[in-house]
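Quick heads-up: structures coming right below.
Here come two complexes built around chain A, the first alongside chain B, the second alongside chain C.
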Partner chain A sequence: MKFTLPIILVVATAALMVLALFGAGQAHGTVGIAAGSAVYTPKASTPEQALKNLLVDVQRRNWDRAMTAVSKTSDTNKQMFIQDWTGTNGSLRSFSSLEGFESRPLHITNDEAQMRVRLHWTTPVGPLEDVRDFRLVREGDVWKTVLPKVQLPSVPSQVIPVTYLRWDLVSGGAADEWGSKNVDAPHVRIISMNAVDSAEGAVVMGEVVNEDTVPAFVNVNATLVDGAGSAIDDETSFDKIDHVLLPKQVSPYRIDFPNINLKNVKNVRMDVKATLVPASADPVIGVMNQKIESDVQGKSVLHGDLLNQSGQTVNISHVVVSFYDNNAKVVWVADGYEDHALLPQSSAPFAVEIPKSVASKVQNFHVVVNQYSLGRS
Partner chain B sequence: MSTTTQSYSRPIPILAIVLVALAVHGPLLLMQLPAGSFDANFHMFFASHYAHHWFNPWNEKWFGGFSQTTYPPLTHQWIALLSTVAGLKMGYMLVQLIAVLLLPVGVFRFARIWVDDRAASYAALGSVFLGALAFLVYQAGQLATVSSAALYLNALPYFYEWMTEARARSLIKGVAISLAAAAAHHVTLIFGVVLFAGPVLWVAYLDARDERVSGSVGGVLSRAAVFAVLVGAGVGLVLLPYWLAIIQHPIHQIPIPHDSRANFLLNSTTAINYFVIPYGALILALPFILIRGASSRRLRPLLMGFWVTMIFGLGGTTPVPKWLLGRAYEILTFERFTFWATLLAMPIVGILAIQLLDRFRSKAAVALSLAAVGTVGAALWWLTANPYRSTGMAATNVDPVVAFLNRDGHDAYRYITLGFGSELAKVSTYTSAGSVDGDYNSARLLPEMTHYGSAQLTNAKFYGSAGMASLRAMLQHANRYGLKYIFVHDTYYEPLLTFVGWRKIETFGTGEITAWSKDDVPPAHKIESDAVPAPWQGLLWGILPIGVSFLAIFLELLLPEQRRVPTAAGIPVRAEPSEQHYVA
Partner chain C sequence: MRRPLLICAVLCLAACSIAGVAQDLRVPASVTAGEEATIPTTGSGKATFYLVGPGVSRKNDVSLGEEIHLQGQDLRNAGDYLALVCSDTCHTGTFYVIAAKPSSLTFLVHPSRVPVGQGDAISGVAFPFDQFKNLVLAPATVTFQLAVGDKPLFSRPVRAQNGVAWFRTASGKSAGLVQVIASLDDVTAKRAVQQVASEPCNLRITGQRIPIGVLVQTEPVHDCAGNVVPDGTIVTFSATEANGKSTVDAPIKQGIARAQMEASGTTVVSAASGVVMGNELRIGGKP
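This part shows the complex of A and B:
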């Protein structure tokens, strides 16, 4: 018993550990922590394993080991590789973490493979998905990933004159926190409202305009009321709106009511709150080359380019689009965040998906761009 | 030389061991080193509420309102009592110090069930230097776990005495201290029944069967049942508001990831944090613990208790905890099991110490001292070396945030913090404003939090998409909860706030913290909840837990232990045939 029991306990412990590593009780790591290194690293004897190793190291930000999974034939270096995955210029990508990925082979031979990966990013503004194709080659008995050359954005030195309007606000006293409470609120009006049912629940959407000569900070709220006059739910436009409206500017808004069906709704109470705020027309972001196209999966997508016409970097841009039918009625409002920064005088593509249920009705659209610039919020 | 030999062959007086504990941990606690631990502010927040509302456990400062009956109150109530003379932070340190001093006493008394006085004294001395103890006290801030374990270890010898000798005073004292342990931390008591009391019952059974004690096997088992029934009924009564709260609102929280549930083999930093640091030099003693524990029939229950607890402490490294605990696996954290495992190992480590001392004398003394100091030293070094531990917020002054909330009627609204870590509890302690966030997962009832697999909103980004989704859901309902102010200590969150309609209104200090506001938020109103405890529950909660701790103290003073009959030195394990009676 002196040695039998210890041996049994040691063997049982080891067996349980092996079971946890490979068996049903397999544990998952904690998200959000990128430090530490795995003791256990499988050899990349298949293209799937090679790509998985690379992406796991990207998740952990273990760049040195990730580079060992990259083929020497790649037209990149460590610095470019890191910047490709971690973003530059304070872009949304630079705030993001790779949370997960799913890969599937497009084409595999004995020495070469093409893989498509759906990347799941966690970002400050919510989860984002990205699809990338990777080429892998076999080098000896190990598969490695071939990375293409990364074009990092850069702009030439130049001077950009600022000629846009700016509204400053002189605070009346210490009691004023932001906005002005001792002057009339800007005159803001909801110019259209449409309530529809969607797969996720009821949606109230439309457009709001700042009719005043000063900028306004706008929030649109909606309350669904049933037949008895009781409130069913109240929600706000949240990030489906451009909150800062310059004089005469129009913004789409969308308010989602998850798990609510409109057949239970008798009335919708709309409420728009506006506050006078300091604002600037700069940076101006132009929306160019807009067109609705079908992608490879048959989905309708609004494509276009965002052109930063100012001399400041826009770190994160947010596109909000209202889609109209042939009666100029807003039939859908969609939005999307761009994960690359807009450098001065440079452009970047954007894409916003249109749900299949409304795609056939869409005749026109209106795009507004909301933006976040580091240090200017 | 003969003096040295004699000193090694005698038990170390328990008073000397307590003084060593005081010398090691006293200065660290007076320096308020645990103030930066993960849970210290949480405990002080709870204590602060008791200091102001002793008989009203409904606390509106977190989650829009929650019941403090969801967490056993004893340590918090003691801090609240001491805070009236020493202040909140020093009150915390004093209660922690008491727990740390009680621990070696408990280990000594617990170890005497298994080994002789000499080995027990070395076990107690070793417990002062446990890496797991330093980890829980200085890094995790698990005041309740440490306090409850210390009390529980002190109760178990009475349990053994009652079973084997049928002494009524052992029953009374054992039950009273057990209830105090439960009032400090219910989880310790629940698991302690299996992991600590199980081996004690087993060895009492063996002793009765082999006629090493006066009681019969039937007597031992029936008295164990009496003890269990009394403790069960007592815990049911003392923590009645807790049971009612947990029955009314079972924990529906989506599982929240915790690193102690990770597979240590897959992450070296986690392995260091949850295995190497807590065990320290005990890792070197593991072969001895296994072989020595298996070689003696009396030690086998202890060995099995240690092994099972150790397996649990490994978290997701083995599938056993998940298999046995089911859903509770996703709620519990497992570092406490490692602490308990080290405590269970100490009696056998005591035997190892005296065997080494008997054989190598001064050399062994030096080696054991170095191992002990190295273990506790490594745990203290890890406080700063641990890459998971953020020290950024600890160095930031949150007083301006507190001052902002307490002025100009800002406390009419609710607030959250982002990037504050455990400093959220510190802000909450000193402000009169309420928050929809909070640093206690089991009390959350708001759907914006329970529907997502993330813990505090202030740490949302560390929980990935789940954390950010929870934060978005809460911000979406800001008007509903009167959530007007957000304090940001991490620019990560600024894009979200910008896009969802919040604006920066103030910058504190040198810009580490910024205040954000949403203009159209109405003042916070009371959130109706069926979780508010009835007034009689508040009375019960304010009287019984602290009452049983006073009862335990008075019983210890009024019914002192009978003097021990000295046992012969050099008998390491109480398995010798000549030993017929155990006298505690």
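This part shows the complex of A and C:
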């Protein structure tokens, strides 16, 4: 009797270990789609296997062996290949690792194949997905991947004068007389708010403006309240906002409440917190050629180019977009991280997906760009 | 503040009642903080003297028939004090220590930045304190003044009640630093309020086509009172053409915001700063 509980615990632990070993890898598997795993087959007799070999080696950063899975006809070399997969200039890609992938054939003949791969990256800002198309060819009895030429951005040597403003913050010491050095927090106002139900739960979104003449670090909080006046949940905008707002700058915000339905919500309490922070008006990033198009998967996507108009490298750029209906009401807020660094005076494309449920309502949009530069807070 | 003292007094009196008969001690009616005082005693022999007050608790032996000297440092805190002399019986007396003359003004002004032309936008509150940091409750007149440089804008004497004097006024018409001064006799406290330009007014843009797109810029950006909007204020330029839109959040520099945007066809450019919209500009396509 006294051994029953330990035996049950041991059996349960063993069962969970077995489940973890064999179950987790197939958790996101989809019929007809090859999912990424650590299985490597030396001789790739199918395009799926060849691509899998390449991506497994990329995952393991086994670059020499990965290059053997690349066709000689590829317009790339080992260094460019590595930089393509590991990132450069302190970009988001250089802090990321390939967690997994799913590939599906688009077109296969006896000698050539076209594969589409959904890459799952783990990054400091959360999981990111990327879709890439690969061309494979049969060389003898082995399939190999043909890699296109990687266009790594480069900037010619130049001097770019920068004369934009910077705001520094001087704080009084503890010995200062009470009230002698009070500096008010920036005046920030929520200018619109909309609450909707989405597939994942309730979403509260809108726009916030810094009405002051000093920069502000802004966070928007929302509390959902039920009919009895009790708080159901309390969340913040987290990274779905441009936190540092310069004077008169407007940012979208989005607050997600997973697994909550708005029919249970009677009221939404909004709270915006602003703190005075040092900031710089540089770099200025222009958002060019913005247009909404359908991508290869039929999804509505806002495309554009980020143009770094300053002389400083932007390591990670983060795009936050508010989408408006024909009454100028914010119907959705979406964001996306650019995984390549933005070099001075250079541009990089971005894309932000619009959910199918709101795509038809979107009439206009407003894009803001968060930027993170190494060595600057 | 007075409750612990009251409890102390009650406990002492209860102790005295048990021991013997409590009699009144002739204590001064009121004492000014930091000043010395004396308490006369009658009789002869040794006794024990207790002094209990805000932040003070003292016990020492005294000779009956002689005056008990209270040092200024024992009477620095304003409030109720209990004096107790015990030999065979206990004698008690209570007295009040009032704040000394004001030696400093704690002056709070809100806000530190204010847009021009706002009604009741600036407020200030002053608390007079003596040299021992006691709030001075005695009526006194605090004069509040607003000045730009040496030029006075506003002066208002306010009678302090219960140790508080306050004012409220509108912000001025011109951006710049405003000195806010509170004075009471020879005591003065100064604070500064930054009056800043209000929302941009008549935001107007001009533009021209350049080889890589369009170059647009604002005319000098002012508020409706004619103050220059501070540098660093963001102006959002939007250039819309048939096949897309470009936007740039450009900071104002030396009164003007400027942006270059990619556009090849006929382009409509608009500008906004915060919630204020500017004019629209139509620029023809590349020839």
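Here is the rule we use: the second predicted complex is superposed on the first by the 326 of 377 C-alpha atoms of A that agree within 3 Å, B and C clash if a C-alpha of one lies under 4 Å from a C-alpha of the other, contacts with A are read in each partner's own complex, and residues count from 1 in each chain.
Going forward, contacts are C-beta pairs under 8 Å (C-beta built on N, C-alpha and C of every residue); 3 or more make two chains touch, one makes a residue touch a chain.
Bear in mind that the values here come from a model prediction, so they are computed numbers and not experimental data.
Looking at the shared chain after the overlay, A:D212 reaches chain C, while chain B stays out of its contact range.
By the touch criterion defined above, A:M17 reaches chain B but does not reach chain C. In the superposed model, A:T4 lies in contact with chain B only, and not with chain C. When chain A is checked against chain B and against chain C, the one touching more of its residues turns out to be B. By the touch criterion stated above, A:E99 is placed in contact with chain B alone, chain C being left untouched.
In the superposition on chain A, the residues of chain A contacting both chain B and chain C are 177-179.
Those residues of chain C whose C-beta lies close enough to touch chain A in the complex are 106-113, 191, 196-197, 200, 230-236, 243-251, 253, 259-262, 273-276. For chain A in complex with chain B, the touching residues are 1-6, 9-10, 13, 16-17, 19-21, 23-33, 35-40, 92, 95, 97, 99, 120, 122-127, 175, 177-179, 217, 219, 221, 234-239, 241, 243, 273, 275, 277, 315-316, 318, 370, 372, 374, 377.
On the chain B side of its complex with chain A, the touching residues are 257-259, 261-263, 265-271, 287, 290-291, 293-295, 300, 303, 307, 311, 314-320, 322-323, 387-388, 408, 461-469, 472, 475-476, 478-480, 491-501, 503-506, 517-520.
Contact residues on chain A toward chain C in their complex (touch as defined above): 163-165, 167, 177-180, 182-184, 191, 209-215, 246-250, 281, 284, 286-291, 304-305, 307, 309, 366-369.
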